[in-house]
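What follows is a set of notes on a single structure, which appears directly below.
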Amino acid sequence: MIRVGIAGATGYTGVELVRILSRHPQVRIVAGTSEQYQGSALGAVFPHLGEEAGALELLPLEAERLAAACDVVFLALPHGVAGSVAPALVAEGVKVIDLGADFRLRDPEAYRAWYRHDPAPAELLAEAAYGLPELYREAIRPARLVANPGCYPTSCALAAAPLLKAGLVETRGIVFDSKSGVSGAGRGVSLGVHFGEVNENFKAYSVAGTHRHTPEIEQTLSDLAGEAIRVTFTPHLVPMTRGILTTAYFQLKEPVSREAVLEVFRDFYRGAPFVRVRPAGNLPQTKEVWGSNRCDIGVEVDARTGRVLVVAVLDNLVKGAAGQAVQNMNLLFGLPETLGLEALPVYP
Amino acid sequence: MIRVGIAGATGYTGVELVRILSRHPQVRIVAGTSEQYQGSALGAVFPHLGEEAGALELLPLEAERLAAACDVVFLALPHGVAGSVAPALVAEGVKVIDLGADFRLRDPEAYRAWYRHDPAPAELLAEAAYGLPELYREAIRPARLVANPGCYPTSCALAAAPLLKAGLVETRGIVFDSKSGVSGAGRGVSLGVHFGEVNENFKAYSVAGTHRHTPEIEQTLSDLAGEAIRVTFTPHLVPMTRGILTTAYFQLKEPVSREAVLEVFRDFYRGAPFVRVRPAGNLPQTKEVWGSNRCDIGVEVDARTGRVLVVAVLDNLVKGAAGQAVQNMNLLFGLPETLGLEALPVYP
Amino acid sequence: MIRVGIAGATGYTGVELVRILSRHPQVRIVAGTSEQYQGSALGAVFPHLGEEAGALELLPLEAERLAAACDVVFLALPHGVAGSVAPALVAEGVKVIDLGADFRLRDPEAYRAWYRHDPAPAELLAEAAYGLPELYREAIRPARLVANPGCYPTSCALAAAPLLKAGLVETRGIVFDSKSGVSGAGRGVSLGVHFGEVNENFKAYSVAGTHRHTPEIEQTLSDLAGEAIRVTFTPHLVPMTRGILTTAYFQLKEPVSREAVLEVFRDFYRGAPFVRVRPAGNLPQTKEVWGSNRCDIGVEVDARTGRVLVVAVLDNLVKGAAGQAVQNMNLLFGLPETLGLEALPVYP
Amino acid sequence: MIRVGIAGATGYTGVELVRILSRHPQVRIVAGTSEQYQGSALGAVFPHLGEEAGALELLPLEAERLAAACDVVFLALPHGVAGSVAPALVAEGVKVIDLGADFRLRDPEAYRAWYRHDPAPAELLAEAAYGLPELYREAIRPARLVANPGCYPTSCALAAAPLLKAGLVETRGIVFDSKSGVSGAGRGVSLGVHFGEVNENFKAYSVAGTHRHTPEIEQTLSDLAGEAIRVTFTPHLVPMTRGILTTAYFQLKEPVSREAVLEVFRDFYRGAPFVRVRPAGNLPQTKEVWGSNRCDIGVEVDARTGRVLVVAVLDNLVKGAAGQAVQNMNLLFGLPETLGLEALPVYP
């Protein structure tokens, strides 16, 4: 059994890790930390967990203690904290999967510019694997430290990858219009997540290239295209709890049929157990992946304007966070990629 | 492996059976029927099911065909249909779990009066076990036919059982004020489930003893009390998809402390793996059982008015329908009661 | 034109007062206060108000300044604050309508016990009119100070009044099972109003006679019945923004037909422009009063159990708060009771 | 008083016309039609309307009868029906405002291609004014027949107009990513508006230039630019009842500052009482126009990619349908453009 620790167990990402890992056949959760609730049992914060998963006692965040008890530690911490905790864990031979942003951007100065915080130590940053298995699987397997991608970037990268790899589309002018449920904002309280402000409401936010996921998306797309790419990324808030849908707009270099584009997607994702390319004429909805680690993708071609549209959906807390982290853990420990992640979406 | 058939696989109850059973380690789904979609693959109706669960071909409803292929058949059919299908299945030695109302009321005339339909054959009605394991577990184990309870009655009966069994409360004047998510109305289209009519809205319906679950609740409560009981049951519609919360009001015969009442509940549900009695001061919310087979119960005593209040929550599609049906299947086949039903609630 | 001030203009109640009063033909809003946003224009906090209503500059709360500028001041303040502000305003001849609880309970000791705060000055408390026009209209007209009722108590009192006045029902054992939208909790941030915790969720809270609206409901019902009444009141939270539905349960003294009960309600509310008694068989839904000052009431008799059920709905921010306050203002200033409150509900 | 008829009074658009017009000081609603509910009073279908507005008796659709009774008739009918009813009304000197699509496209063959239905009579089509007052005000005033725009096209055209008129942006590659609440689909029942399918879900539909609003958007944009324009328009369904938000993407011809673009918008909409251009850094949300006839617009420039982003929000049933129709009626009858439409948005 793999001994697992979760640093930051009482946020939405943390408790989703608990939900998934407590049913994983090769895992035992041995430690959880929480600044806010330390000293309590996890079940006192989340009564839905029941006796077994709820029994975990919440500790303060101490790297040594986690290192002593765990084979792998998931970090679900505010930006800037992981960078200071991870080195001690890695030094002790503990695998680290960071669900925050501290190790996502390879360029330390980009991190500093976008997150307004000192970047993580350069040598550790350099060796971190970007944990999007569908694109970086072989780099993840041997890694000591995995930077789990952001929720939006996962949807954008998976929507764009086959097109850029195949060179079918212009690398300029790409638009990602993304829509997310509210849980992506975390469990912290603020007016922005107040039910009265969110319900029966829809808004854009952090538009025009100001959202921190922008450089992360661009880093992956540039990897795929082999050239520096800039994108327009616009996040929106949907009055629902879970789910991201990204509508991605690309300009075709030359006319291509929908069927041909679909074939490119199917080829690309052959062997990717969590990505489903939908048949022609069938676009995915967020509910169709709710609670699962799936990313479903639909494709349309607009011959009138020479565009390819890609619609990608995922559950921001699963494939966009905790589920993808477990997928990465499976790769790190040589387990089947899908282990513990087989649950079907909950519908309706 | 138990070979399972699902008659009525494309309603909300049917597809929830598919979700649960496709992950059950001792089950193989070998047949599914649908009047509306016969001839299609299940995955064409529900793309979220993916290749494996979606591959099932939908058949017309034919008892012989089901009997030949299945060890157990779940009936998720409109009222009145199960009564005509079940006899042929039972006669062939196939276990039947009916998720409709046709076998719930022991009194055929009560069925006729409330459902305005001919009751099921008397002999089969007489032998049907009422599938609420927490109250009728031993009658279920050897049964050939199980009548899976209604969603509301499950919550009402579990809220009332310990109090009536212990004789702590008056048997007159009991009120069940129940609130349900919209999926309880099924997948059929109507103005009553139109998003524009339900969202940002709350209503009562079928009030004043007119809802068909009333005699079902009364039958179980009368069993528990050993005398004929009449209750006031009022259902309401909540603008959410899943979940039932029942607020139950009882008059204490004599003053009793909350702690004493809680102890009665804890004793009663010892050994019931899906019922959680909450600690004092902690009332359950529907979200805390979402997607799971749990029924969580909280208790308060109002000394000012001599009342006990019980709050019971469950997921109407799981413990209120498909999950409870699988729990019954486990009992019928001598499996651990929790097998295939261990998933934690999805939160948030 | 009546010069109006709003103390606490940036809570949900305050901004609803602005919405209604800015369209009232006899009113000019001349002052608004906000601790949090003082110095800003109201439109900077609420862009939806537009230039005209948004131009109001937010002041700190100073009684003298308000008294100098206003003919009437609405107090939408935290409990305990109104009690210290109102005297200075009344002393200056300014009419005061308090939307908080400080003047609702006639008994100072009851206030102290339920609100854990010093009660308002006794003489002012003694002269305050309880602002439920349908029951206390004549006391309101000449008042200097009006205590605007709570949202739940408005629905409970209007549901019960005709029955108690007519002596049709037992005064013991009355149950009010109330359900409210989230805006009733105000605009302050907390985990309890976090979208992720409220959406797709339903819960009871402050049950078993612990909610502060309990003594307020009992005070009014005791007035009506001419005897001290204790009730069971249970509030619940509905995943919607606006609306209260109260299901009220009464025991009939003797069998009475639904039609006879309806006639009692119709008689009682003749001349009450905002209360609509629904025809037999037609129960109101919260959406049917959304955004309006209406309270709609439906009645059913359950002959099986000898109960009368009353369902009352209102918009908690309008008839449950700001709209009722404007109705009271109209009475104080001798205007038609409906002036500025004629807008139809917004549906859907 | 203007005598008004509403053909199709029981759909969401029809009942919204009733809500607005019943409070309009210069209007009397004298006739309403409904195929489904003819013979009933409107209040029997919509109890929220109350006695006065609810008293209207619903008639079958007969042009002569409407012509005899009305000065103006609003047509809220299925596509294809208005085309056959309007001529008789116009011939009798009755003003007609069609809220459907039959008179929106000037090119009859485009109508036939997109709506798969015979177009309206050519001469009437030729004289119809496109009822977007902010762009076609002078053509509307003298018209006999007004084609009220679609909800999506209103948001897209208002977002694009200042930019195209000023020639600031490329006319190729424009993307409108639009998101709508469910009421846009009307009150008819279907699986697509089932609460269980829509709630906690988000989807795109009619993508890649297949939605019928595409040619309508292109017609207006081509008018503005003076050249034929093709756009990419993608509608999405948001789990809320009312509201449209369109995120519009344009490529700047040359670098321009946000402030300069905002100035272009402010100039363009000076004198348009229902369009509010938001200050820099302030983007509108759908809730901020809920229930009102406003269209709020926010603008951002992304210097990194040379793009202008415009976010436009409106209430699809008001500025996107019934409110805009009343605005057009005001123009037709020489009334102040805002008469009867002054209500503030309902927030929260």
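Each chain carries a letter (A, B, C and D) given by its place in the written order, and its residues are counted from 1.
Please note the rule applied: contacts are C-beta pairs under 8 Å (C-beta built on N, C-alpha and C of every residue); 3 or more make two chains touch, one makes a residue touch a chain.
Protein identities per chain, from UniProt: A, B, C, D = N-acetyl-gamma-glutamyl-phosphate reductase.
For clarity, every value in this text was computed on a predicted model and none was experimentally measured.
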Higher number of C-beta pairs in contact (C-D or B-D) found for C-D
With centres defined as the mean of C-alpha atoms, identify the chain lying farthest from chain D.
B
Whole-angstrom distance, CA centroid of chain B to CA centroid of chain D, is 46
Centre-to-centre distance between chain D and chain C (centres being mean Cα positions), rounded to whole Å:
36
Which chain D residues touch at least two other chains?
12, 183, 196, 199-200, 239-242, 284, 287, 290, 348
Under the touch definition given earlier, write down the residues of chain B that touch chain A in their complex.
12, 15, 19, 22-23, 46-50, 53, 183, 199-200, 241-242, 276, 278, 282, 284, 287-292, 294, 296, 342-348
Chain B partner contacts - residues on chain D that touch it in the complex:
12, 182-183, 187, 189-191, 193-196, 198-200, 239-241
Within the complex, chain A is touched by chain D residues 173, 175, 177, 179, 181, 196-197, 199-205, 207-209, 230-232, 234, 236, 238-243, 245, 247, 249, 251, 283-287, 290, 300-302, 304-305, 307, 309, 311, 313, 348
